[in-house]
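To keep things clear, I will list the structure first and then write my remarks on it.
Letters A, B, C and D mark the chains as written, and numbering starts fresh at 1 in each.
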């Protein structure tokens, strides 16, 4: 696999022939931190971000923990502070946890932006909001309710029991369930440790444990294909519906086979793209508090509400449209 | 049959759990889902067999999880580039054997403590994989899944294959001279040397075998779904070690067998689905698994005390 | 890594494993100082060479450093404790719970947390000394158990935050020029050093590590001494939990996941024999430093940054370093055997 | 007496072997005829074990030649040696503790490839037959871990028999056997000789050699100093050859009059240790010998007094005060010292400096407040080393680097440093060379004279008789008789075996 070869060669090459230090190029230095590097969701964010960086001619540093880990996020931010970068953009694993480090960055005159998952308001200038936790939770739940006819049993597969954003979504869902879908019953929440295979096992168990389960909702990207595979193997395609967060590429085959009804996700590439543009603007003082609109390169204008730059409604990918996306 | 007390007691415990499930959650036994769950554990069983050997020879290998991942991804990449499974499988096994051989050289050749050596290789392999793969899924062509057979056929093939391997190892460890040599080396390698056995060689081969089985298991895993995730197999090492130990293989070497490991694995593996069926909240899972491990060793301890071995 | 704590002759000191490690560490440091430090566009000195960075390294390595300190006596007795990382997590949420839900004052909650840590260590100690069970397995069990309890108590969900600044000072501010927790770490290091190198406790640890039977027949209280190392480990894990909580300003059930491996790596890299008996606290400290500098230094190398591969590379290099250290430690043996072979042939 | 003109079964010529700097063998010649028992004598460190290792192929000689029945054997390894019919009964049995007796024997005897199938029934049958031949009472299915030391020794011997060996090496085979088992062993050895097997017999017990051997070769400092027909030499001559000097008399006379009672036992027992109803009194300044067969409960009694297996019956009085030691630390605090039988596993810590070994039992006294005081430690160590004339480079030398006799002295010195009231010695001279043996005896005497109460466990009957002021004889877990010091061997033996004499 030559990408591998290339990476390794690059790694060694760069390490040995010690490249000119960062200062050498006088370009803006923007950093971007995902919750977890390995996560396909953020990899596609990076794709968009890289595109933006190329257009703007800024240096983009993309780094984060390999597993979602609040402590590591802080350490990396602190490292960036001492590297004297211009802008730090973070998808916060834990609101309070990260904020201490971010405030420190602001004190050093580094601009701070959050995307995907927000930190405390006073720890950043803007939050690139792909969709509020509430929006995601309600979106998924409404879709689920629609598919189940607003009644019956459904189950949820999460990343880990401790993942912050997941808990937040679940909280909103509980509220929504209570007030809007009394007949819809959440029978179980099972962790998948962000492992597709574990999600598959869990889903299998869920189905046999709850014979009249109508739907499985996976709220972590590896979970959705995992659950779908389980349903497919159980031969319950159509009988037990699968929805969840996920990237088109990982779910196309299941959507086409009719295992997965629909996958919800905002356009992650755009998210990355917008974030970098906003960051650059922030550094150049083109983006100031109080702005109500922001124009991001080829994507055109985005609305700013308060200190939230809104990416727009999440997409619902389904048979009809999923082939139009490649990320 | 005092000699096989542990194996029997674990099997009994497993029986009890299954009985309880039959009473409180008969749904647990629907054939199809059960088959799927068992299939998911088939690769783990293969790895557990290897781990049993390693621990019987008084070593330990905590790098199996990483070996498993590396083999899975490489196998996946090869398959994705259109290599036939008939080539991919052996290739993965060979790669595993190679990784195992590396551990083997350090442990048997240089006589370094296996726990530290494999700790190092575990980190190196895992991080190396992260470096080159960056967490990206590998999508497999459709023909790969279930070896291109029907799903049921594929699942039975995998379960069958795992069980065949289990039986082979079960018999080999008891009936073949080599098998007994592993026990001999695990009990006292100097005595083994005097008895004309070559402990270094045996240890080395055990590690190679461990790696090979990890490779085989990886292949058995990737054919179960159309994608491979690089994070696959993280935490596998502890799961397997726990299973083997619960199954009555003594960490001090020379005692136990793969049958016990099999029972131990099943016991630990059915915790999660059992909880799901009993509608117990997921966050008790780790606690219960920990409790089972402790229970098993405590049972050992008490029994040894009764035999008055605790003394002196 | 000599077995006796005698103040050794300068020769011995010069050729000791520790001094070798020190050389490696210094080389490492200067390498990163040279290639990891630059001035950025605004002409500000940035990167590895800055004082801030050095302090960050200190702050980031305190928890793992503490766990390494905790593990050194354990490994000296030829034991192992895989549960320290999980215990850190359990203690972190215990503290959060006691303070937030229990409404206790910070000092009281902290004290109780230390108690819980000692208790957790006590569980290991009891199973290992009273039932004479292999530490590897016992702590493998408690490794799951403690983490499991942490998740069960919080349902995995609860995250305790909004700790008072007075407490966060412990993990985020400086006192007398150094990060506050560094002082605590230093204190712990000194205490453990004295315990291991200057008291009969440390001596008995080694005896037990070399030959538990020999220790028993020498009239040493083997059970109590062995129990002590595990209880101590639990206590220090609890301390690490407090510092961790203060540094992040949050207590969560996943605190300290995987730390045990880093700690063990540091201890072994520091020259403590996994078979017991041999090793030193100095070595452990150097081991911790070597790993911390490597990890943070790589994160300052432009090449590595551009590949966003700091974590992966430090992982791989640490592993390699560990293998090198091991091979180095047995090199003399190999050479001597070769020499005798040559004489023979 | 056999003809020594026929071509020897085994011949060693000019054998040299170094371990690093240590020159273990510096030119040894040795020959073994078919159908003879050839005793190998020599102080510890004279090179006996090295020689065995060379013959069994465990090690390679640096120089010299081995010829088996006229055929030279370069590059011999354990497997090859076994194939040539060379078997060895090791002093410390090298067995697989976790495996069954049958398997232990099988692993040693069965030749053949790695992939051959194990024929369990045949294994079991063969093992059973061998055990029966040497009159062992335990089944072949038993796990070795559950066997006693002598029983394990018998397994070793069974292996040697099993190979149908042309050469059998026996390294102190009787050191831990009971009298009855010894007699059985003698029978076996004579049987082997009659069958034309060559037996190399190593022992420190001269009477054994005179009872059994045809010829004897003496090693000293890695050189063979002569081979003699046993019929043609006397004990003193042999001893002179071994130590290279005249050892006036092995057992120093009792010179002290027993004083006040130090230890008093009233029906002491311990179920776990299988010991019961022991009553006796030991006085200051006396050596109380404990005779009896192995497994009669002597070591068990010692371990009970030392708190390793606390007593659960009767009462123990020390200087008239009731005591109940529940653990070694308690026993030590009470002034009880126990020098264990197994030097290398219990007596000293091989990996640690002599100084640490010497001070191990006196931590509380020597290091008040648990603070190590290196100066005091060194001083104490030097003093002890001087007192007992231990041959070693200095306090910082590792315990493992010392010879057996000196290790024993260190182990003894450690306990003298505790200034005990009661000193228990368990087989103090087992596997110790003649020179060191007599030195240790003199030390014991001196201690008694200085008013210490000494309990000396020994399976070496002459030693017990020679050293003891009074002799307690144990049988079946209890004290069967207490006899005066100068009783004759037969009464003691009779008491030990339970016959009324």
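Everything that follows uses one rule, which is that contacts are C-beta pairs under 8 Å (C-beta built on N, C-alpha and C of every residue); 3 or more make two chains touch, one makes a residue touch a chain.
Only a predicted model underlies this, so the values are computations on that prediction, with no experimental measurement involved.
Chemist: How many links in the shortest chain of touching chains run from chain A to chain D?
Modeler: 2
Chemist: Look at the interfaces B-D and B-C and say which one is made up of more C-beta pairs in contact.
Modeler: B-C
Chemist: Which chain's centre, taken as the mean of its Cα atoms, is farthest from the centre of chain D?
Modeler: The chain farthest from chain D, judged by C-alpha centres, is A.
Chemist: Based only on mean CA positions, could you tell me how far chain C sits from chain D in angstrom?
Modeler: Chain C and chain D have C-alpha centres separated by 45 Å.
Chemist: Return the distance between the CA-based centres of chain B and chain C, expressed in whole Å.
Modeler: Computed from C-alpha means, the inter-chain centre distance equals 29 Å.
Chemist: Between chain A and chain B, what is the separation of their C-alpha centroids in Å?
Modeler: Chain A and chain B have C-alpha centres separated by 34 Å.
Chemist: Would you please write down the residue numbers of chain C that are in contact with two or more other chains?
Modeler: 151, 155-156, 213, 307, 309, 311-313
Chemist: Show the residues in chain B shared as contacts by 2 or more other chains, in ascending order.
Modeler: As it turns out, chain B has residues touching two or more other chains at 130-131, 283, 312.
Chemist: Can you list the chain D residues in contact with two or more other chains?
Modeler: Residues 308 of chain D touch two or more partner chains.
Chemist: Which category does the touching pattern between chains fall into here: line, ring, star, complete, or other?
Modeler: Its topology fits none of the listed shapes; call it other.
Chemist: Got a list of which chains touch which?
Modeler: A-B, A-C, B-C, B-D, C-D
Chemist: Note which residues of chain B are touching chain D in the complex, please.
Modeler: Those in contact with chain D are residues 3, 174-181, 183-184, 186-188, 190-197, 250, 253-255, 308-309, 311-312.
Chemist: Quick one: in the complex, what on chain C touches chain B?
Modeler: 80, 127, 131-134, 136-138, 140-149, 151-152, 155-156, 213, 261, 264-265, 268, 274-275, 307, 309, 311-316, 318-320, 322-323, 326-327, 330, 334
Chemist: Could you pull out which chain A residues touch chain B in their complex?
Modeler: 1, 3-4, 7-8, 11, 36-40, 43, 66, 161, 187-191, 193-197, 200-202, 204-209, 211, 222, 225-226, 229-230, 233-235, 249-250, 253
Chemist: Which part of chain A faces chain C closely enough to touch in the complex?
Modeler: Checking each residue of chain A against chain C gives 7, 10-11, 14-15, 18-23, 26, 29, 37, 61-66, 69-72, 74-76, 78-79, 81-86, 94-97, 99-100, 160-162, 164, 167, 170, 191.
Chemist: In their complex, what parts of chain D are in touch with chain C?
Modeler: 18-20, 60, 62, 308, 327-329, 331-332, 338, 340, 345-353, 355-356, 360-361, 363, 367, 370-372, 374, 396, 414, 418
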